[in-house]
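In the two complexes that follow, chain A is the common piece, with chain B as its partner first and chain C second.
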Partner chain A sequence: MDSSFLNMEFLIDTFFVALSGVPVALLVTVVAMAIALPVGFFLALTRINEIPVLNWFTKIYVSFVRGTPIIIQIFVLYSVIPLILSGIFEKYHIDYPVYDINPLWYAFIIFSFNTAAILVEVFRSALKTVSQGQLEAAYSVGLTSSQAYRRIIIPQMLVTALPNLCTATINLIKATSLGYAISLQEITLKAKVAANVGYNYLEAYIDIFIVYMILCMTVEYLFKLFEKRLSRYKYTTA
Partner chain B sequence: MLEIKNIHKSFGKNEILKGVDLKIDKGDVVVILGPSGSGKTTLLRCINFLERADQGSASFGEVTVDLKTASKKEVLAIRKKTAFVFQNYSLFNNKTALENVAEGLIIGRKVLKHDAYEISKKALDKVGLSEKYDSYPIQLSGGQQQRVGIARAVALNPDIILFDEPTSALDPELVGEVLQVMKEIAKEGTTMLVVTHEMGFAKDVANKVIFMDGGNIVEEGTPHEIFITPKEDRTRRFLRRVLPGEYDFEI
Partner chain C sequence: MEKYFDITYLWTTIPQLIPFLWITLLVAALGVLIGSLLGLLLAMFKLSKNKILRFIANTYITIMRCTPSIVLLFLVYYGIPAFSESFLGIYLQDVHTGVYVVITFSLQFAAMMAEVIRSAYLSVDKGQYEAAVSVGLTPFQAYQRIIFPQAFVIALPNFGNGVISVLQEGALAYTIGFIDIVGKANLIIANNYNTHAFEIYIALAVFYWVLSIAIEKFFGRLEKIFSKGQRSLKTS
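Up next is the complex of A and B:
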């Protein structure tokens, strides 16, 4: 056994192994966000405008996602989706091995499903901060609803939503580490697999730790820059 | 030019408008007076479809629309003939004064950007804000914000401008500058329908004064008829309460 407390060579080698999982983690984050942003926004509108049925559906969906651990959502969807798919495939005589589907697809579905619910609440609270009067003013000068939202409401809503969006994005990046449960080739899984050989778990965990930290701090910084740009109108002085 | 017929509006069981008729000619400055809750603001908002009336029609020149069942297209068409000045200014906070005024021209009316900015600059000049083109609403005083609001309405060159208590949210010392601007655009022949509590403005600028109470028009006439020789007892009681120097209560 190595006399030193940490196996430095393994620590450094595994850092790059962990780093090689970053593209998958980022891909899942970006795809999940790309789906969750519009879906979350649309569902937030159904809540704010109290659209019959949909409003009610959204409420239950949000409570369900917030009220259950992600890891359990992952297990449930990972078991349920193949069942549904095999039923569909059988019915339409599609010859495809359901259990060979790349876990990446499950990750996209699970994390979109989860993040959209979080974003409903982020957008709902942010939309409420833009005064109803501005929407009416937009109507009164002849804008349609979609023009008013695109040009007046959303740009202001985003400024308020951005800190929470940043938190949601970072939480999502960290949550992709749960992808190891469905054999997703991301940061945590790769480093842990490397550690299995010589039981260097502590080194692997330190590497994972550092990689996530760098990743999340970078994202945080980018959001800060974006927020500064979007909120120019709020902080200019006369 | 604008004729409103039999407009009804309730919020739940509360009937706010009980069949109001209104006729405004080109160049008229019509002031609506009345105690709060009498339906003045709701009337204005129904004309611009910010509220849906339960019944009634509006005719703008040749065009007549049903205020209850108007289609999206008709609503947009009416809104393009009107402009609205809000009690709380309701400027677009993410846009500069100039962009606020130009927005409706560029997006709503498809005016070329360059032309829209020229028109908008002239409108801002008219309300005395030549120095403030690039200021965001947060950098402006209440009076300046409301003048941008008026410029935003004027720039659209609508058939009529609807003013919903334009000075009620202002500090008393800023009321004057806004009234002055309104007086000037009235002099230029702009057709205006104004809900206000500024009796001075009603007396000096309006050519027609309407007194509303309880969702009905109680009395209408020239400022002289309403302020000097009101026929209805309800009008007299209201005026006694709002006109200064004639307190009918004891401290």
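Up next is the complex of A and C:
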């Protein structure tokens, strides 16, 4: 009975196929995060300090990203970026085939675009929890703006932002499963292609499911460790 | 793909898409309805004193949080028919794909709601229940008249966010061949030999954007209405 339900051999073989997609998924996650963290923080500052034009721009940007499904964002960006690029290439007479660009580059752009907007809100709410007096006290003892932020504000803000950052990271890892739409060779696409041969889709998706479980639980565990480390100051002063 | 952007094309496609908007909304609404009931059950599991029930609820929520929607969708779509065929001997080939879509998003929404309901319930002070019982209400009445109305207001914003996210995850239903607004858009694109894809995607983005903002505004309004009543109760 069991043999007709699941093809065990295929299940085990494909698990390693799915596993081989992990580096790409992680690479996209890390690069997207590395771009989105500073951009998100900077845009959050423009929202908090109500800088005229940027504030307005950030508001619309965040609203758009939060208001539309990621898959639609992928569709839109994946069709608009080649249009823009081919326009630029034509203007400057660069002879490069636009449609040969590695999907990895699109993935970096699309997922940074998405995550940065999420992080704006994460940082904005975290920055609000640090009281204004902290910044004033830092100024009054003679720190410059960048020193005050680096040494006083950001370390405190990070502690409150960390749970939300963890959620954002996990959502980002999960979102890379949509990379199939831009033919990115990640976990889901690789296992799915392997399943195409014998229509073993159920086995392939069980493998994909297990791989994502392992990834997410590891990330959650790492964030928990990091959170403990960062909030050390709370216990030592108490 | 066309080299230019033809805005007039939008006016001819949007009327074609609107009838399918209802399918998208219907699926989301069913997901929210069934998911809320399941979520309530899970929240009760989480709050119960029974270790096994708590473990079940926690495991379920962790699994749902870690699984990408598209993977869950395909697991349900391929898994349920295969399972019922080989273990129960029931053939489910003729079941409409919409059923699988609704099941998937109910499962997902339930995990979200379990956390929302639990935290809303815990945020209502325990003294409220004790006071209600001490003036002679039965435990059921106390929940119905005292605890629920207060927890409901607290849960509203998170509930609204959950509804928006179910609506958005629903955009993936086209991957199993379900014809909702995204599925229809892809059909239109295919019929046009992949031209004007960009305009149609923009139209889709606008649809979702407007819907999300409308839902957000609606829940904001609801919250205001309900917390108004609460304030007048406190002062009187």
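General observations
Following the convention adopted for this analysis, the second predicted complex is superposed on the first by the 230 of 238 C-alpha atoms of A that agree within 3 Å, B and C clash if a C-alpha of one lies under 4 Å from a C-alpha of the other, contacts with A are read in each partner's own complex, and residues count from 1 in each chain.
Note that in this section a residue touches a chain if its C-beta (ideal position, glycine included) is under 8 Å from a C-beta of that chain, and two chains touch if they have at least 3 such contacts.
Given the structure is predicted, the values throughout are model-derived calculations rather than measurements.
Placing chain B and chain C on a common chain A by superposition gives a fit, with no clash between them.
When both complexes are overlaid on chain A, the residue A:T188 reaches chain C alone and has no touch with chain B.
When the two complexes are overlaid on their common chain A, residue A:P82 makes contact with chain C while staying clear of chain B.
Taking the Cα centre of chain A as vertex, the centres of chain B and chain C in the superposed model span 100°, given to the nearest 10.
When the shared chain is aligned, chain B comes close enough to touch A:V141, but chain C does not. In the superposed pair of complexes, A:L225 makes contact with neither chain B nor chain C. For chain A, the partner touching the most residues, choosing from chain B and chain C, is C. Once chain A of one complex is fitted onto chain A of the other, the partner contacts of A:V53 are absent, as it touches neither chain B nor chain C.
The gap separating chain B from chain C at its narrowest, counted between C-alpha atoms of the superposed chains, is 25 angstrom.
Contact residues of chain A toward chain B in the complex are 131, 133-134, 136-144, 147, 151-152, 155-156, 233-234, 236-238. The touching residues of chain A, counted against chain C in their complex, run 1, 4-5, 63-64, 66-73, 75-76, 79-80, 82-83, 86, 170, 174-175, 177-178, 188, 201-202, 205-206, 208-209, 212-213, 215-217.
Contact residues on chain C toward chain A in their complex (touch as defined above): 1, 3, 5, 62-63, 65-72, 74-75, 78-79, 82-83, 86-87, 164, 168-172, 182, 197-198, 201-202, 204-205, 208-213. Taken together, the chain B residues at the contact with chain A in this complex read 48-50, 72, 76, 79-80, 82-84, 86, 88-96, 103-104, 107-109, 135-136, 138-139, 152, 156.
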